[in-house]
Every structure is written in structure tokens, then in C-alpha cells.
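Worksheet: one structure, shown below.
Lettered A, B, C and D in written order, each chain numbered from 1.
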Amino acid sequence: MTLLTAEQYEESLRRLNLVVYQFGRRVENVVDDPMIRPSMKAVAKTYELAHVPEHEAIMTATSHITGEKINRFTHIHQNVDDLVNKSKMGRLLGRETGCCFQRCVGMDALNALSIVTYAIDEKHATSYNERFLKYLEYVQQHDLTCDGAMTDTKGVRSLPPSQQPDPDAYLHVVRETEDGIVVRGAKAHQTGAVNSHEVIVMPTMTMRKGDKAYAVSFALPSDTKGIVYIVGRQSCDTRKLEDGMLDRGNIVYGGHEALVVFDDVLVPWDRVFMYGEYDFTGLLVESFAAYHRQSYACKVGVGDVLIGAAQTAAEYNGVEKASHIKDKIVEMNHLNETLYCGCIACASQGQVMAGGTYLVDVLLANVHKHNVTRFPYEIARIAQDIAGGLMVTLPSEQDLRSPETAEWIKKYYKTREDIPTEARMRVLRLIENLTLGAAAVGYLTESMHGAGSPQAQRVMISRRINMTEKQQAAKRLCGIDH
Amino acid sequence: MTLLTAEQYEESLRRLNLVVYQFGRRVENVVDDPMIRPSMKAVAKTYELAHVPEHEAIMTATSHITGEKINRFTHIHQNVDDLVNKSKMGRLLGRETGCCFQRCVGMDALNALSIVTYAIDEKHATSYNERFLKYLEYVQQHDLTCDGAMTDTKGVRSLPPSQQPDPDAYLHVVRETEDGIVVRGAKAHQTGAVNSHEVIVMPTMTMRKGDKAYAVSFALPSDTKGIVYIVGRQSCDTRKLEDGMLDRGNIVYGGHEALVVFDDVLVPWDRVFMYGEYDFTGLLVESFAAYHRQSYACKVGVGDVLIGAAQTAAEYNGVEKASHIKDKIVEMNHLNETLYCGCIACASQGQVMAGGTYLVDVLLANVHKHNVTRFPYEIARIAQDIAGGLMVTLPSEQDLRSPETAEWIKKYYKTREDIPTEARMRVLRLIENLTLGAAAVGYLTESMHGAGSPQAQRVMISRRINMTEKQQAAKRLCGIDH
Amino acid sequence: MTLLTAEQYEESLRRLNLVVYQFGRRVENVVDDPMIRPSMKAVAKTYELAHVPEHEAIMTATSHITGEKINRFTHIHQNVDDLVNKSKMGRLLGRETGCCFQRCVGMDALNALSIVTYAIDEKHATSYNERFLKYLEYVQQHDLTCDGAMTDTKGVRSLPPSQQPDPDAYLHVVRETEDGIVVRGAKAHQTGAVNSHEVIVMPTMTMRKGDKAYAVSFALPSDTKGIVYIVGRQSCDTRKLEDGMLDRGNIVYGGHEALVVFDDVLVPWDRVFMYGEYDFTGLLVESFAAYHRQSYACKVGVGDVLIGAAQTAAEYNGVEKASHIKDKIVEMNHLNETLYCGCIACASQGQVMAGGTYLVDVLLANVHKHNVTRFPYEIARIAQDIAGGLMVTLPSEQDLRSPETAEWIKKYYKTREDIPTEARMRVLRLIENLTLGAAAVGYLTESMHGAGSPQAQRVMISRRINMTEKQQAAKRLCGIDH
Amino acid sequence: MTLLTAEQYEESLRRLNLVVYQFGRRVENVVDDPMIRPSMKAVAKTYELAHVPEHEAIMTATSHITGEKINRFTHIHQNVDDLVNKSKMGRLLGRETGCCFQRCVGMDALNALSIVTYAIDEKHATSYNERFLKYLEYVQQHDLTCDGAMTDTKGVRSLPPSQQPDPDAYLHVVRETEDGIVVRGAKAHQTGAVNSHEVIVMPTMTMRKGDKAYAVSFALPSDTKGIVYIVGRQSCDTRKLEDGMLDRGNIVYGGHEALVVFDDVLVPWDRVFMYGEYDFTGLLVESFAAYHRQSYACKVGVGDVLIGAAQTAAEYNGVEKASHIKDKIVEMNHLNETLYCGCIACASQGQVMAGGTYLVDVLLANVHKHNVTRFPYEIARIAQDIAGGLMVTLPSEQDLRSPETAEWIKKYYKTREDIPTEARMRVLRLIENLTLGAAAVGYLTESMHGAGSPQAQRVMISRRINMTEKQQAAKRLCGIDH
């Protein structure tokens, strides 16, 4: 059974025994926790849509190991179409959930490891790839959600891992045993961590010789002894604890991030995919980053939601035909589709790597992600322009329900006669959610820093450009011959 | 006694008997309500700083009626220096509070009425100006905070007030009595409403002949019978109800907006400043709008806070010397000072109106405000870039305090040895507050819509430009002589 | 012989007898005219590179009619790879020539006609497609350059063609003869017109029933009796008449545009591809526009040249390592590659049309072109920033050569010892050429208006967006069920 | 006689004996040279308008030395109104000439020297200020135009003046004689140099102890023996040599820049204003730069012309009521008036310096200029959008005049019946002139680099910002107390 349903996924999570903290207290029932559940629902959508015939081509793939139909989130890209479909899957799910659905990071980790384990073996005559493929088959067979954990907490930014005052500022191997390696450290900003069956750890940056203990990659069940999750706060997070759903904006889905602490955790040997091969950390980081920068295709889908919401708000206000409103909607779409061009282009220009895995065009994936650090902010700004100030001055759902205030709310926030005031409130709350609230964390700040902050992309763009070709062209045209 | 202290101001509010609703329930003690109190503290700052010698020149003025020293917020601008000092006062208070301090709207209403009552009298031989000056003296004598209430709820956008399905969609006179007029309707988005002693009502737009009942302006004590306040929600508002202050970001100050319902409220004749003179609604709206667009000087001060926070976050991360960080700080400052140029220029080019009141240059005030609808968004985007993703994935203050999680929080979010993790958390929460949280409501969305949405400024820019002069210059230079 | 060499192309042009005017005088020898020749050289590059093995895959294709190897500029796109290769060909030639190479417009006209003639036949049982294919084979066999002529001169913008004061404001059929149709009117802005063997005429916009005489499409040899060319001016055009090449910037290539007048020209029946079928003018215009908006792939190549020139200028100034210079180079590249994403994405998402021709994704092609109306201007601005003011204050080549001034020029414009002053002058002149001079006409203004002005793309974006899908997604997420 | 007329100014230039080269040849008659004359006419406008009563308050001032009425271009700013009037004068002349009128650089040099000579004397007990005032009186009495010459040619950018391979890369004193000092070197990019009576030399940057010979400032008559001018090229410069005026766009005015070589020139002692006081080079450079950055007020006036031209082009096309056109015109105006705010704000916040001269607010002047490096490019881009592609494909004036082509030109470029085709051509040529042609040199590239390149302003913004105040505000608000 390789394609779980959403319900099966939820049930499978209940069988985990995660150590999760939130607001300083242990969360006893993670799956039903009101703050966390919406993010679980978003991941569940990746299972649900795989069963929808209309989306089958996008949401599923054929395993290159077993030949079975699998969820694309567990697939290793075998050709350019796989890469393009991955981008389309991101947009689709972003539109369906209006938030971060969290599962791409594991897919990207699997694909990066399929390249890197192969490459290490080629050079060092190790057998990581075989191990990895076995692990991959397990993931595909059980249709697992994996957290891809890369970002270390980093301590003093100017010092390398091995010279930190606190050696645990970067995750590292503290000792080796017969059964495996014991690791310590923490990974920050882990999207979807407590909704995952597995956590796949990778080094956070290119390591040097002195940092061999930090050049480590492995996978573990998410409830392995010693792994602790501390869930971060999001803007407006506690609205999920309030009575009523309206003020949440997005009434079903959400996201979460966590600090994942590895408190001397044992990794069995068959789950170790890199151990000391610091010379391959660069390849791993760059491959993962390229895949994950492509993954910001999802923001195009979230952009679709925000555009749809802005258009709806304009219609409810009866101003959708004003030329400046129409023009702003065009601008939102133009920016959003420009982003789409980026995630499609880097996929369609993908190339096969040694071992057979297809990798996106690294330059274009960086260019794409870099635009994602800009355009969603402008789209959000325009959405706020169209929505009007009521978006941030609207009374609460309780005011709409209370006999003491309901009539005033309904009377004074009424616009078109055919539109209930409540509908108007709902769409404004959705825009608030996407531009200031919990979803803004994903649509804006995560767009900025996820898969690498803007400067990381600029460095890669600088490296990947063929400047010599450009300079030769210029010199030839103006007659400089040296 | 014309200059209240902050404490006296707070006490004076306790004597009011406002009808305030929030979350569907009546707020019994407005001044001590934890959600509202931070916004009261921000208004109180306008009283406090008037007693600080260093700020005296900016914060106080000499009444042109009594010759007494008064708080500038109750002053009628007598010259260009007054206008420039008003801009400086806005920046100062924005920097001191990091939020909307709410009191400018009343100042702007007073100044607009000083112009318009004079102008109506000139044409219609009425005596509004005399009434107004008496009222003004009362405000100055008691150093009152006034809410300037302009924005109606507007109903069907395409219909004029008198043709709305619900006649109350715009505030209007429902009947006249011996003692005064009775009004009904509501004003939306009223910043600082429940911290005000007075509410000054103005029409929301230019009225036509058929809308005479809507051409009305008056002032009332804020706790007049029939006035009801329904407080709106802000992003992250309920953090003010949580234990601990850290997660609020701004631990002292805040803002609020309210829907102010006028449920058949009697306005005594001596408080009526316009009644049916629809031909002066345009002047009132444009004068108030020009003054209030200048008032967005305050966002320069909030920008100062955000820049200071971003610089601090960069230092705590130890990256403040990276060239791209320095460059981003310069860009934030450049944009912020460009805004400052706008509010200074429109003031320094102000001109005297009939009656002696100085009005800002209307074109430049609109240009200034229009930039305010753009640059704070970009400044906020850069601040998020500099802050790093931790700004939205940081665990709660409770996680920092809880014995179960405190050590991990302190250990793994540590950067420089000399900076406590808690300090780092504080500044990140402040950036969150300003770019996504409660202060983002003021710094971003209110910057967009307050004092008129962007399109309102574009219309005014279009009207105020001397296009003939420009076209003549162009034609002269290229030899077109018709 | 289906692949002409550059030399054969030039010779073939000499056999034409075009009626060309420039500066009010007839141009006797078009091919050798110093103002026109650089643009002929740019077209010749499309022939030259087809013989370079390294570029064969991009520059050539296999005719779907004859199975022979042909120049891609005469090819009908048979699959998505053809579309992607077309984009790559545009970038390649833009980089090789640093200007507009003019030949894409004919390719786009041929492809659009292959779709539209098929579609007309389907509905009207005509046989345009057969005619067209015969014509296409002729073009492919002789490797011809075609001018695709769409833009009418338009007269009074608010009136349709048939109601213009001057009926010739739009090209139209004035009478029918046994041999064919006689047409009158003019096509404006015709890039590369006098370097073409053929001119393919299309209507400029969707025509209505009353404008049947204007719904006409046909092809003619460029030297057909009655066709007159009036060459337009470009910025700095007469530098091509000066002694010395340095001040031209681009010492080999250039572009030109012409007004093409059809002064009662007879079109034989076998060259008529649409005649009165106004119901297909929309399809023709939109298909051609989509193809031609994709063609702005070329500006990525011109951007490559400008980036290479800016980098070279920075190196000659010895400032290429300054962080702000490096950052600006990254920004130029980022914008340029964002454009590349657009032309790749619209190609890779292309779809087959009835008849078998592949059409680009129309929405994304419009999005791409719309970015082309923006980013080259910003890239040019940054290039001027990096180049320094000398770019516009540099003395002439004659000053460098004259014994009276040469020493001062060489001495005072010297920077690095290993760089001759002349090389520095050359690269600055190239940047001038691309940002202010003759090539700026193509890189900037043509990027703005070629293949439709920005507003034309905005209209298409507005039409092609699936807004319903977006609104449904938004409503679902916030719980609005109507 | 302290206020020359335009005619007197022209006559006074004829009395000079300048050594000017252009295109490698000596220019015998500078005043009547067709390439240079338009720039002389632009300077003459500064004389002409001083006699126009309407502009008297802006164009003239009262000498603080003699009490006589003088041209403001020779005035030392005595108060904030002087500074504000200077900004207004810049806008006025920019609008009247549509180009660089060149005379502000001398005014800025005089004002900077009035501050710096005073400051040097204070510290070093010299008597430069007395000398300077005597010189100033001479300038005022004769209403002279001065070239303010700062930018050295700079050689190897990474080396200080005294360590250059060529010691003349920066202008310096080569020897001292009884009569004065002898200087050698060159100043680049000298706007209006050959239209000036005087040249005032200043060091190009802060000098160190080892560069004392380079810390020199002085004034000389422009035709002093040993001074040589080599005039630079501008885009489309030779259109001034063609028959007919239409294709020039601006039919009267223009600008020019020159390399000014000092080939062992003797400076008499009474013309030396700094000689070795390297510790004051920083003050001189920063003061001059601040004044000169304010001077970019002129671009607001040139922007007025471009906006007027774009509006006219839209009207001639009959599209001025299209909502997107109106919106673009608003955007141009908004950006242009934002620039105006900058030059007004830095003036209105000016402060008195020791010695009594008023200096603009340095931070805001830099902010202003920095916007000038951005907004004119965007205004120009929009102007090209509105103008349409014809702006760069329009045939020549000769085509309009030639009997062979005139009818076609008139017929096919006709739009509205009441607008002659020639008028349409004229305004399009003006837009070309301002966005690609000779005036684009001033409106765009000079806006970028004149008075310092963008990075120079960023450095100054960084230095002048009070970051401590901002950080303290931020820390106070979030509860950080260290």
C-alpha cells in the first residue's frame, strides 16, 4: 500500500511518540493540539490530492526502484517532466492550502541525497547510495513525510563549527559506537517537523577539513529517543485557540516551525548517508538548496489565493471595475506569473546528474527563489491596498455573534445587498492572515529566508554566471582584442 | 492649567463613562483594560514629552487665542514654523512610541475647521468660526485629546449618501430640536477613539445638494449618550493578554481602532460647526486630508525604531559589518529620510489661508503620504531580511522561562557571548511587532489607508499639478507654437 | 540549397530593387549604404551561425514539409523543444550582435499564419493553408528573410479603420482584379524591412464586420512595385557616417526601422492568406503577438553584452572588487536571468494547435514581454552607474587620433597601466551605444513597444488569468460558500 | 552694473581667448560654434531671467558684501530662504531650458569656499577668507559665470594622488614662484566649462598628509595661459550640425562637458584659496558636494518638461483620457514632486556655519541627490511608454521637407485632424532628446554621476545618520537595557 489517504496519514501520526514543547509545556496530543492541527491538515492535503484523478499526473509518480505508483513527494526525479511536475504540484498545493504544506523539504532532501551518496561512493568507494536506496524504498513503501533538516543554530557567525565556544552550535557526531553514531546539536526553523515520520539531517554549509565531525548526514524516525521539538510562535497563532473560526482567516490550514534538538541521539549505521566526507558537503548543500529554491513554486499558489481574495474583496466593495483596481489585480497576477516562469524554467532546463537523478538548473533556481524574496511582499502590499483599511480595524467574530453588537456590525459593515457582512469579514480576515497573520509567516518571511536568505542566492548567481562569455561578446562588439 | 501631565491625562480618562465593546462584551474599565491600555500609554506620551525641556519647542506652542503655552496638539498653525514643528513632533513621537500615538487626527480636525468655519462665515454670514474658537479655547484650556472622525462606513460604494439602501451608511442629521441636532450613523477605523475626551465629526467626502443632511460637522464629549465604541482587532492583539511582556515586541505602547456608532445622538447647537453647507464639504475634506497626510511624518519615527531594531539584530548576529547588511541599512535610512523630506517640504511650503491659519502645501502633502503607502513596506521587507528567519520561528517567552525548555532556548539561540539570548529574542519580537504584529497595523496598513488610500492621493496629485505650465515649457522648447 | 551563407544572403539582397528613402533622398545602393549596412550585417549573422557546428542544434531545424535541414528562422514549430530552441536562438543572436537582428518577426508571422490559415479553412472551407504551405516551402527552400508587417499607422486612435477620415490609416484592399487584390496603406516601425526578401502583411488588430476590407493578410517580394520604404532615424545614427569606428560603440552591427508604404500594390491570389475573414483577425493578432513576445528572448542576449561591458568597464577602472559593484553586477544578472526564465517558461509550456503547429503559452509569453518593458531599463541604469560619468563626457575618436590632443586623451583617461586608454574608450562607447545610442533604440524603446506596448500585455494577462479558480480557492479557505 | 543681460553675457564671452578642441581640431569661434552655442544659450538664460520681474525674487539676491542686487548665482546664502530660493531657481531654469544650464556649479564652489576659507583662517590664522571675499566681490560686480572644477581624472583608483604612476592623475602644485603657484593636472566632466569666465579649482577628495601638494584650491580666468579644453561628445550631438532644427528635439538649448587640462598654469597668490591645508579638503569636498547635490533641483524642472511633453504626445495621439495613460502621468508627477520635496527639505533645514554662510542639511541633500539617481530613469521610462515607438522610428526632418517623401510622412503620421504631423514629430523628438539624446546625458547619466555617484551618497547617508538614537529607541521599546 504505497499511497496513504489523508486519514491514514493522520492515524500514522498518532502512533508516533514525539517529545514536543509549546509555550513552555509538553504537548501531550500533538495531532489534536489546536495550534498544531492546522499544519497537520496541510500536510494531509498532499495525501488527499494524490487520490484525486484530476491531479494524479501531478501528484503521483512511478518509483524508479519498484515501478510502483508513489506519491511524488517521495519520488526521485527521473526526467525533466518530473521536475516540471514538481513545480506544478507546489503551485497546486499552495493554492489548495493557502499556506506552507511542509512536505517538499523531505522530497528535496531525498533527491539531494540520491545525487550525493552516488557521488561520494564514486570517489570514496563507499556504499552510501545502496543504503540510501534501501531507505528510499522504505519511505516510498510507507508514503512517509520526511522533515529535511539543514539549518544549524550557528552560534557565533564568524567562526567555523569546530571553533565555536559551544561545540553544539552546529550538529555533530559526539561519538561512534558499534551500532552507529551519536549526534548532538539542533536544527532551527524546521517547517512541519512535528507532522513528519522521519527527519533527514544534512550539514548546513560547506565544511572544511577541521570540521569533519560536522560533515554528517542521516535519517531517523521522528520519535527517536533524544529528539526534542520546541514549536515556535507565529503571528496571530493563538487565534487558533479562540472560539469561532472566522478570525483565523484560513479556517482549515496553517503551518508551524520548530527547533529540533538532538540530545545525544544514536543513529544506526544503516541510516548514515555521510560521515566525515566534508568534501561533499558543498555538493549536498548546493543540490538541496537548488531543489528547495525551486520548491518555492508553492508561493505562486499562495499568491493565487491572495489574488483571488483581493478580487473578491474588491467585488464585495463594489469597486472591481474601477480602472485602478483592475490594474492592481493585473500587477499582482503579472508578478505571480513571473514567479511561475522561474520555477518552470529552472525545471525545464534541468539536467541529469551522475547516477541518473535530474537536478534543476541551479542558476535559474536561485534566480527564481530570489524573486520570491521580493514579489510576494509587493503582491501583499497591493492586496492590502485593494482590501481597504477595514482589514485591520474589523471587530472580532465575537462582536459579530454577540447580541449586544451583532446588529451594528452587520448594519455598518454592509456593502452590496447580495453579500452578507460575514462573507466580507471572512475574506478580509483571509487577507489579514496572508499579509500579517499566521500565513504571512510563510508567504512573506519564509519566502525571504526559507531555502536560504537573499544574499545566499546572490552569491550563487554570482558564481553560476558565465561572465567570460559575456565579456568576450562585449569586447568583440566594440573591437577590444585582448 | 493648560499642560496636563501623563498622569493627569490618565486620570481624566477615568472620569469618562464610555460605552466600549470588545470581543462582543462591554469593557467595564477602559483605562486598565490590558488590550487598550498600551494605546492609552501612547497618547499619554504626547502629554509627557510636553514637559521635557529638550522637546518643549516642538511639543508646545503659544495659543493664538489666549497667548498661553499649550500642547501643540491643540494648536492652530500660525506660521510655517508651526507646520514644520508639527512634522518634527510626529517623527519624535513615532520614535518614542514605535506606534500610532493617535492624537494628530484631532489636531488636524481642529485646524481644518479653523479654516472652514471661517470660510463658511465669509460666504454665508454664519457665525461658525466664533463657536469654533470658543470650543477651541475649551480644548486648549483642558489640554484635551480629540478624535477626528471622518470616514463613514459608506454602504454601496457607487451610490451617494442620500440614495443608499440604508440611509445611515453615512452619518447624517435625523432631526433638529430646539437644543440642537440629532445624528445617526457610524465612523469607521477611528484611531484612538476610546482614549479621547472629544470626538470631532466631519463629512467623509464632497457632498452634493441632495446630501445636505450629510453635510454636518460637530464636536461632542466622547461619552455623550448614544455614542458606542466597538474596538477592532489587530494582528497579535491577544499577546497583550498573555503572561510576560517579551512576546509583545513593543512592551509598553500600542494602538487601537474602533467603530464609533452614533445612535441618535443629540449635538447642542454650540457644538455644530457645519450644518447643510454642502458647498464647503470639499474644502473641509481636502484641508483635513492635507493636514492629515502631513501627519504621516510619524511613520518616519516608527521607521527610526525599525532601523534601530534591524541594526541591533544585525549586531547581535555579528553580521553588522557584512557589506550587504550595511548596504541594506543605508537603503532603509535612505527611504526613511526620503519620507522625512516629504513631510518637511509640504510644511515649509505651507501658506496662510483666509482667517490666518497656515495650511501645508496640498500637492506636496499628498506626494508625501503617497510615498508613505510604499516605502514602509519596503523598509519592513528589508528589516525582515536583516532580522533572519528566527523572527518568525522563535519559541515563546514561556519556553524561555520554563525549566523544561529554558536551557535549550538559551543554548541554541545564543550568538555573541556578550549578548544574552533574551536580548536577541526581544529585538526580534520588536521587528515582528513592527512588520507583522500589532504595530504593523499602524506602520503598514494604516500607512496605506490612513488619511486616504493611495488612489485618493493620486487623484489629488492629478488635480494640483500645473500641467499647462509644463506643456507650455515643452512646446516652447521643441518649437510648437499653438 | 536551403542554408544560405552570410555572403550568399548579402548577394541575394543586391539582386533586389528596393525603393528606399532616407534623409529625404532615394538610397541607390541599399546594401552598401553606411547607415543601413550594420543592420544587414546583423541579419547576416542569422545565416552565418547556422553553419557553425556548435550552434547547429539551435540555429537549424528539419522542415516538416520537406524533411530538409533549414534555418530555424523559416521553421514551423513542431514541438516544445522547437519553441525552447527558438528562445535560446534569440539569446544567442542578441549576445552575438548586441542589437536587433530583425529576422524573428518573419518567423513569427509564418508560424502565426500556419495556425490561422488552418483555422480559417476549417471554418470557411477555404484553402489558405495549402497556399500558405506552398509559400512556406518557397521561403524555406531559398532561406529567405521575411519582414512581418503588422502595425498600421492608425490615424485617429478612437475610430475603427473604416471610419477614419483617411481610409488609408489602416492598410486595406482598394480593389480586386483577376490577378489578385490591390492594397493601400502603410506599416510603421518595420524592423529590418530593407534587409528582407519578403514582406508578410497582417492586420494590426481584431477587426469587426464593417472593417472586412482591412482583414487581409498576404506576402510579397520586398521589391514589388508600389512598395516604398522610408527609413527612420535612430539615436546617434550618423556616427555611422563618421570617420573611425570607435564612437559607434558597436563597431559592426546595428538595426533600423522603416515606414513601409503600400501605394496600390497588387497581391497575386496565391500570396493572399486572409481576405475578409475578420472573425480570424483576433486569432492572427494574438498568435503573432504571443510568438513575438516570446521573441524578446533576444534582449537577454543583449543584456549579456551590457553586463559583460559593465564588468569590463569596472575592471578597467580597477573597481570590480568593490562590494557595491559586485552587488550591482549580480542585480543585472538576476534581472537578465529572470527575463530568461520568462522566455523559457512560455516555450516549455507551449501547446499544439489544430494543424500541428506549437504555440507558446500565451499568458506566460505576455508576462515575459511585460518584464522586458521594465528590466532592461533598470539593467541599463545600473550599467550607467558602473560605467561612470565618462561614458557621456568622453571626447571623440578624432581627439584620440589628432596629434594636437592625443597625448592628453591618453594621459588623462588612463587608469590601470595594463589597459590602453583606447580599450577603456571602446567599452564606454559600447555602453553608451546600448543605453543611449543606436542600440538603446532596440534594447530600451523597442523592448517597451515592440510586439505590443505594456498595456497590450496587461490586457492579455487580465484575459488569460483563471480568476474563477483563484477566487474559489480563496473562498474555500475562508469559509465562504457562495 | 551687476546684472548682465543675456546679450552682454554673450558679448563678454567673445572677449575670451579660450583654447578649445573638439573632434581633434581647435575651435576658432567658440561662441558661434554650432555644437557649443546651445549650451551657451542655456547659461544665457540665467542672465535673461534675472531681468524678468516675475522671477526677480528667485533669480536675484542682495549681496551681503556690497548690498547691491546681484544674480543669485553669485550670491552667498545668508539664510534659509536663500537656500530654498536656490532650489526653486534650479527647477525654474530646468523647466525653461530643458537641459543643464551649467551655472550652479560655480555658485556651489563659491559658497563652499566661503565656509572653508573662513574655517582654515580660524585654525591656521591664514587670510584666505579676505582674499576670497575680494574675489567674490569681483565675481558679483561683473556677474561672472564660474566653472567649479572638482573631479580629477584619478588614474589608478586604488592609489592616493601622491603614489600614482602618473603624478598628474590628480591636479597638483608643481612649483611655487614669487608670483604664485604653478599647477598641473586635469579636471574631467566639466559642465559648461567653455561658457565660463572663471574656473574655480577644488581638490576632488579628502587628502592625507602625504598629498599636501594636491590640497589646493584657486580661481583663474578661463582663458589663462596653459588651460586647454577638450569638449566631450554627447549622444546625438551632431544633429546640431544638420540642416533644420526639428530633429534636435530641443531646438534652442543644450549642454556640454569638457576635459580641462592645466598644463603648468600659474596661479597668482591672490587667487589661491587653499594651499597645503589637507585637513580642510574633507570639509571643502563635503560642503561643495552637499550644495551641489541640492542643485539637482534642476532635474525637477527638466522633469516638468518631460511630463509636459509626454502629456502633449498623449493628447496628439488622442489617448490622454485612457485610464492607464492618466495613471502614468500621475506617477511621473509623483516621482518628480518627490524629488522636489528633497531639494526643498534639505534647504529648509539648512543651518548657519561659522562665518555666516548657510549650508543645506547635508544628510537630506544626499538623500535628495540619491533619489535623483533613480527617479529620472523611471520618469524617462514612463515617458517612452506614453510616447509610443514612433519616438525612435520617426524619419528625419529632411523626409518631412523632401518633395519625394513629404506627402507620405504627413499622411501616415497624421493622428488628430487639428494637429499638424510636424507638431507630433516635434514633441516626439523632444522626448527622444530627453530620454536618449543630448539632454538624456544631463537628465539621466549626469543625474547618476554629477555631484557624486550613488555610492558616494550612500556613504554620506551612512555617516550622517544618528544610529545610536534609533537603536536606543528600539531597545527601550522592547525592554533591552544595555
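To be clear about the criterion, a residue touches a chain if its C-beta (ideal position, glycine included) is under 8 Å from a C-beta of that chain, and two chains touch if they have at least 3 such contacts.
Computed from a prediction, not measured in an experiment: that's the story for all the values here.
Enquirer: Looking at the contacts, which chains touch chain C and chain D alike?
Expert: Expected: A, B.
Enquirer: Could you compare the number of C-beta pairs in contact for B-D with that for A-D and name the larger?
Expert: B-D
Enquirer: Quick one: which chain's Cα centre is the longest way from chain A's?
Expert: Result for max centroid distance from chain A is chain D.
Enquirer: How many angstrom between the C-alpha centroids of chain B and chain A?
Expert: 38
Enquirer: Indicate the whole-number Å distance between the mean C-alpha point of chain B and the mean C-alpha point of chain D.
Expert: Taking the average C-alpha coordinate of chain B and of chain D, the gap between them is 40 Å.
Enquirer: When the centre of a chain is set as the mean of its C-alpha atoms, what distance in Å lies between chain A and chain D?
Expert: It comes to 52 Å between the two C-alpha centres.
Enquirer: Two-or-more-chain contact residues of chain C, please, as numbers and ranges.
Expert: Within chain C, the residues that touch at least two other chains are 324, 327, 458.
Enquirer: Classify the inter-chain contact topology: is it line, ring, star, complete, or other?
Expert: Here the contact pattern is complete, since every chain touches every other one.
Enquirer: Applying the document's contact rule, which stretches of chain D touch chain B when the two form their complex?
Expert: 84, 95-98, 245-246, 249-253, 304-309, 311-312, 326-327, 329-330, 333-334, 337-338, 340-342, 344-346, 348-349, 363-364, 367-368, 370-371, 423, 426-427, 429-430, 458, 461-462, 465, 467, 469-475, 477-480, 482
Enquirer: Taking the touch rule as given, give the residues of chain D at its contact with chain A in the complex, in rising order.
Expert: 323-324, 327
Enquirer: Per the contact definition, I'd like the list of chain D residues that touch chain C in the complex.
Expert: Within the complex, chain D touches chain C at residues 21-26, 153-158, 165-166, 168-169, 186, 188-189, 228, 230-236, 238-239, 242, 247, 257-259, 261, 317-319, 322, 324, 373-374, 377-378, 381, 384-385, 388-396, 398-402, 404-405, 408-409, 411-417, 432, 436-437, 440-441, 444-446, 448-450, 453-455, 458.
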